[in-house]
Amino acid sequence: QEAAPASLTWAIETQPITLNPQQWSQNKARLLVFNQFDALLSRAQDGSFHPWLAKSWKVSDDELTYTLHLRDDVTFHDGTRFDAASVKANLDQFLVPGYNAAVASIQLRAYKEAKVVSPTTLEITLKEPDGLFLDFLASPYSGQISPKSLKSVKDLKFGGPDLVGTGPFILDRYVQGQEIHYRRNPAYKWPPEGAAHQGPAYLPEITYRFLPEAAVRVGALTSGQVQVIEGVPATEAGLIKKDPGLSLQTALNSGTSFSYYFNLSRAPFDDQRVREAFREAVDVDTVLRSVYQGTATRAWSVIGKSSPFYDPSLEQRYGGDPAKANALLDEAGWKQRDAEGYRVKDGERLTVRTLASAAFVRDRRDVLAQAIQAQVKQNAGIDFQVKIVDQGSAQKALDDNEYEVFENSRGDSDAGAALNLILPRGGAINRTGYADPAMDKWLAEAGADSDQGRRKELYTKVQRTVVLDKAIVFPIYVPADQIASLKSVQGLRFDPASGTPAGAYDVRIGT
Amino acid sequence: MSFGGSEVVRGISLSVAPGECVAIVGESGSGKSVTARTLLGLAGPGSAVRAGTFTIAGQDARGFGPGEWRRLRGRFAGLVLQDALVSLDPLRTVGAEIAEVLAVHDVVPRSRRAGRVLELLEAAGVPEPEVRAGQHPHELSGGLRQRVLIASAIAAGPELIIADEPTTALDVTVQAQILRLLADRKAAGTALLLISHDLAVVGSIADRILVMRDGRIVEEGPARDVLTTPAHDYTCSLLAAVPSAASRGTRLTEAERPTPGIRHVASARPTGATPSGPATGPVKGAVKGAVKGAVKGLAAEPVPVLAGAGLTRSFGPRRVVDDVSFTLHRGETLGVVGESGSGKTTLARLALGLLAPGDGLVTLHQQPWSTLRERLRRPLRPRIQLISQNPLDSFDPRHTCGRLVAEPLRSLPRQERRARVLDLLARVGLPPDMAGRHPRELSGGQRQRIAIARALGPRPDVLVCDEPVSALDVSIQAQVLDLLAELQAEYGTALLFISHDLGVVLHLADRVLVMKDGRVVEEGDVDEVFTQPRHPYTRDLVAAVPRLPVPR
Amino acid sequence: MPAPRLLPPIVFLLLLALAVAVPGLLAGVDPLAADPLSALAPPGGEHWFGSDHLGRDVLARVVYGARHSISIGVAATALAVTSGVLLGLTAGLSPKWLDEALARAFDVLSTLPELLLALLIVAIIGPGTGNVIFAIAVAQIPNYARVIRAQTFVVRRSGYVEQAVTFGRSRLAINAGHVLPNVLGPIPVLATIGLGGAIIASSGLSFLGMGPQPPAAEWGAMLSEARNYLRVAWWEALFPGLAITLTVACLTVVGRRLQRRFEGRTS
Amino acid sequence: MIKRLGTGLAVLWAAATASYLALLLAPGDTVDILVGEGPDTPEIRAKIITEWGLDRPEVIQYVSYLWRLVHGDLGRSYQLQRGVGEILLTQVGPTAQLTLAAAGTGVTLAALIALVTGGRGRLARGTASAAELVAVSVPPFLIGIVLLSVFSFTLGWFPVSGAAGPQALVLPALALGLPVAGVLGQVLRGGLERALEQPFAVTARARGLTERALVARHALRHALIPAVTLAGWFTGTLLGGAVITEVLFGRPGLGRVAMDAVTGRDMPVVMAVVLLSAVVYVTISTVLDLAYRAIDPRIRG
């Protein structure tokens, strides 16, 4: 049932800062990557891995050698054949100094070398076991680039039309600040396992237009100027649902939930009672209802609800009890109140600050912060100051330890990868100052292990510790992505690995 | 004619015949310009015109619509506006301005317009018309602009030319040329309505004269009659106000303010003490002799108070003042005449020590003055004061008259200063309540009086007057000149009196310096210079002074 | 006596002054009191101007917002005027080389569009009320400095200054007695009109998220937040928008009237 | 001309240096900015520092910056993985389109209003003046929001964004051009009215000119003079307004690049934008200066 060829315009919120999958850093731009590029593996929502450009793979018992068997019928858009040598070239590219320091030292930390056994067989050796290596092979970073174009591309780190992949679409135009345009790759016949169809994409071409203003995106959709939008603001969700010509889909993102992490290294959050009191002072459900009009999913754990590692037993175990909050604060010595109704101890107001870098504020988290600000003030007399600053100032405040709350969510397809950055002592984004050898051990074990059952066990311990026992984190909501479209647009999906909108391979226009 | 209810001009009846020149004369604000503009339906927004009969070229103009007026303007009647310096569009070439009339009325086909413009310029007495036609008004001197304006007024061959003060603000020599130009048109059969505040100017050309005051015609008649046997008092005072060599030593106005200062002066002048009407010829002569004698007596032993020797000053490559020497004695008036741009103001600033001479030396009381450091000069400054051409410009806009007059008296204690200010105001014939008013609320003459009072405050030995009356009309000018004369006689102040108007200088000065292009071309006793000019330029100057017909 | 057309703007500005001085008088509710349950309530009995996305009273926020918005505008204008006058006077009274250097500095400052310069400054020193004031002020300094410099030139060469020299008064006395007061003449007019500009500029910065920090009620920030609710709650945008527009319009009207009076006085 | 060029270059250099210094004084390290939201370990930092040459003394970095600048190399963006020159090159077009269209709209509207109402009755002038007042008093982004809601979302007359042809330019150009029209209109109308009261206007009328011809041939040029002196304000408003307009309408362009660069402290891009707007300012003020000379012969020579 071939749909009538038609072009599609899709308005997206964020424009990619790079079109090179190996430089990819924005979850919001993930939906573009797999139009142009294919990864070696694909990942399902339950965390299991499936073949894509690699037909099968084998992990040695010592978990140090990964043998990939590749498809032999794949060609890059420039006509070059895809084979083991090109995969090796892609992997080795990360070792070039200055190419991608972050990936080289995090995801490829354990990478030792890759050996071409045959054109379709590649042997990758690691220095140490890495339970997340398969996740890397299924991530945008392993989007396969034609080695020829890796050498000849004008602007390697940016990519663009002359950085060539194997994907279902061919990038033919990128206008910064305006749009990105793809046309179909007619030779495509290697979709990942689980794709809704085989063969070339339905759409002969597709345009993604960058519309950062939410109201403008919705307006463009309702007035028929675009057919699909992502990032539907909560206020508009109701209106779109009511519109008979439109449909709305939502999916929870993978990774960690949006949470407030308490800074344990300084007062007042060095006192667990104050941390708990803060959480008890907020009626998260009401806050979410008012800020997101009931479209947001409440988070109970640091790990997102859609992750296989999520621990549902944490639900309803804490929060939303102002009486308890006040009792805890009284107990912790914050007994007096000042003229404005804030609690005081030793002449100091109970003030906690959060800093967000303006460039990274999204999802109306600033409004959310205001709602929480109002709640903690009204319910517990806590002065919660919200500062939205530039990147430099935010970094400086972090460096100077001048903050009490650090807000963050990560969209890693494997929640463990995110926890590895946040929770261990000295982790790359450990902003809580939390240091616990047991925690470090659990995380290391879970990270090295590729057995999902065993990992889940370990991560359950982790979650209970940080959420209940130590109360170092205040999970608020599970980030989600929305797609709204004309009813006639079919095949819009979410990427099961990340919960973000998927590429346009399966999308078609028809009834 | 009224503006928003207030009548400005009432009961004017006038008619102009082909080949005739009718002149309207009157002081500032008497309604002359309004009358002229009304005749072309240009009275402006908010104006209302009522007329018994109003006929233009045989048509009743009372019912004219905008279109009919437009066809008339330029074509039937050309208007030369009062302010020649700003009556041409500064952004367009003068050629374009003239061509516009030709285009609007389609006088000549487009292809011949440029040629016609040149002819018109030529006819208006503009030298090098080819060059001038491509220039902008700011590149032209006042006289040339006036001629261009006339050329544009006559471009469409109108039967009537209305010229509103066509020579005010022009040098005498240029004024004479313009008047000649207008006379030529008249001779060619064009009707001419000439407006002026200066009787002497119109005297030479008008057939009939209408004298206006406060929006009414007070006297009307053939030019000769009006000038020689004026019937109305106002006409008489106008006539008397014209300064000239003949009026030296006499009052130009009646002594009407019994202020102490004036009484004092009046008593010093026996013959002038009882003027009871227009000062006529014989009386003038008598007074002149008497006062002159008195002044001479006063300066029996001439003491130089201010002197310049070999003064030179350049701006850029141009020598604006070139080797000028002068001496001003105590109680004496030294006149400086010269056309616009001849360096008179520059000379005054050199004398005042406001500008350092490039060469030469100014001495004050025979002490070096121009070479002094400003700090040393400051204490001596009260000795030499300035009255400038535009008094308003020399007043701090925020200050009241009282404060202005008090400024040079800062060394006095408060109480005394107040008294001095009131005294000074009285001396210049202003009521004490003037002290609280702002100068912009005053008339031109009153302003100049404030300036004089202020300059007299420090009891200077020298007063430098840079064209103190050239912005004033004849009657006010007369009052100010009288005042200066009185005060000089009282205080014995020496005057360095600068003017482009030879008549004024002849009236007031003892000696005169004639300047041209920064050089002194002639110097000497006023009478001599006036009666026996040696330099050709001086001769032109003297010849150009308009003269009233002397009644026999 | 103000002319009749001047009356409405003056009444509005007085009302505004009242809102700045004692906001509690005009709005009984706490502008920061969030009531999520009654969020986005349309204008009506309980909330005259409706409530916003956090259930805060829009009227109260507009009234209290006056304090923020106006004080940012006033403070920025005051700062810009003071520095502009000082710099302009210095340039106007200085020897040629210093004057030339200062004039070039004004040039450099104005090569950057006002908003961009303010953005840059806020980006460097961070958002927040004080910094926004500083940023807007810096961006406006060259406007004032230029006018003052030109005015200083005119006054310095004017007839009355020359005349004052002939009275033997010292440079200092002349500068203090004549130059300064006459140079300052147009300042109230410029400042009134400039104040409107500053308020618009600050609202633009707030719109871009660089203004006062939440939950502060500030008109520009309110508008910026409200744009997400345009379809569901027009009132959240309308009232702050109206407040800015009316304030700026009234200031402009009054400023221009002052200007006309001032010009009439000097010419 | 040579002197003007020299001054222009000096202004450019000063602008570049001043912004360099300002950014140097700003809180936070360049490395912090480069690390951004991503993972942050000493190892990654070290790699970034060597990659960008941040270990060199600041003076050297400044000199090398200037040196590269002289050779036309604007450097590489910290945030976008591209050369700054390339970014600007692709973004200049849309912004130029927008600002020119807005300038055109503003000037045309202002001139129309001034011509139609100049010297007319109280009612026409009052209406025009009120319209102008509103145009200058409404914050530009509010105009944009209103235009979008009405003409794009509700009526669907114009597309909301993109450079999808001239239609997409209409609303942004209006949003940006209306305030310009307001201010220019006031200035032009004031100039016209003043010119029509001048004596030369009476002279021209006395030649039999119609009011319309008087306005077109005489008064308009006079009204242009004060309008031309608004040059600096004009460019500033357009370039600054472009930031808001581009963000609001989802248009590509320098304004948006600048905004993102400034919030992200993307130093090389910020510097380039500063330089570029300095170039534009210097150019435009030169051009308008020449225009001024062409209009007003009095200041020639």
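Going in written order, the chains are labelled A, B, C and D, and every chain counts its residues from 1.
We adopt the following convention: contacts are C-beta pairs under 8 Å (C-beta built on N, C-alpha and C of every residue); 3 or more make two chains touch, one makes a residue touch a chain.
Because the structure is a prediction, the values reported are computed rather than measured.
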Selected interface, A-D versus B-D, where C-beta contact pairs are more numerous: A-D
If you average the Cα atoms per chain, which one ends up farthest from subunit C? B
For subunit B paired with subunit D, centre-to-centre distance based on mean C-alpha positions, whole Å: 51
Centroid from C-alpha atoms only, then distance subunit A to subunit D, rounded to Å. What do you get? 38
Would you kindly tell me how far, in whole Å, the mean C-alpha position of subunit C lies from that of subunit B? 49
Per the C-alpha centroid definition, the whole-Å distance linking subunit A and subunit B comes out as 88
Multi-chain contact residues (two or more partners), subunit C: 123-124, 126, 209, 227, 230
If you look at subunit A, which of its residues touch at least two other chains? 213, 215, 358, 390, 392-393
Which residues of subunit B are in contact with two or more other chains? none
Draw the chains as dots and join the ones that touch; what shape do you get: line, ring, star, complete or other? other
Among all the chains shown, which pairs meet the touch rule set out at the top? A-C, A-D, B-C, B-D, C-D
In the complex, subunit A touches subunit C at residues 213-215, 218, 233, 235-236, 238-239, 286-287, 289-291, 358, 361, 364, 366-367, 369-371, 373-375, 377-378, 385-390, 392-393
Which positions of subunit D touch subunit A when the two form their complex? 26-29, 32-33, 35-41, 43-44, 47-48, 50-51, 79-83, 86-87, 90-91, 94, 145, 148-149, 152-154, 156, 159-163, 246-253, 256-257, 260, 262-265
For subunit B, which residues count as touching subunit D in their complex? 37, 40, 42, 44, 66, 70-75, 78-79, 81-83, 86-92, 100-101, 104-105, 136, 138-139, 149, 152-153
Complex interface listing, subunit A residues touching subunit D: 17-18, 20, 23, 25, 97-98, 101-102, 104-106, 155, 157-159, 175-179, 209-213, 215-216, 219-220, 222-225, 357-360, 390-396, 399, 421, 428-429
So in the complex, which bits of subunit D are touching subunit C? 7, 10-12, 14-15, 18-19, 22-23, 25-27, 133-134, 136-142, 145, 149, 232, 235-241, 243-244, 247, 258-259, 262-263, 265, 270, 273-274, 277-278, 281-282
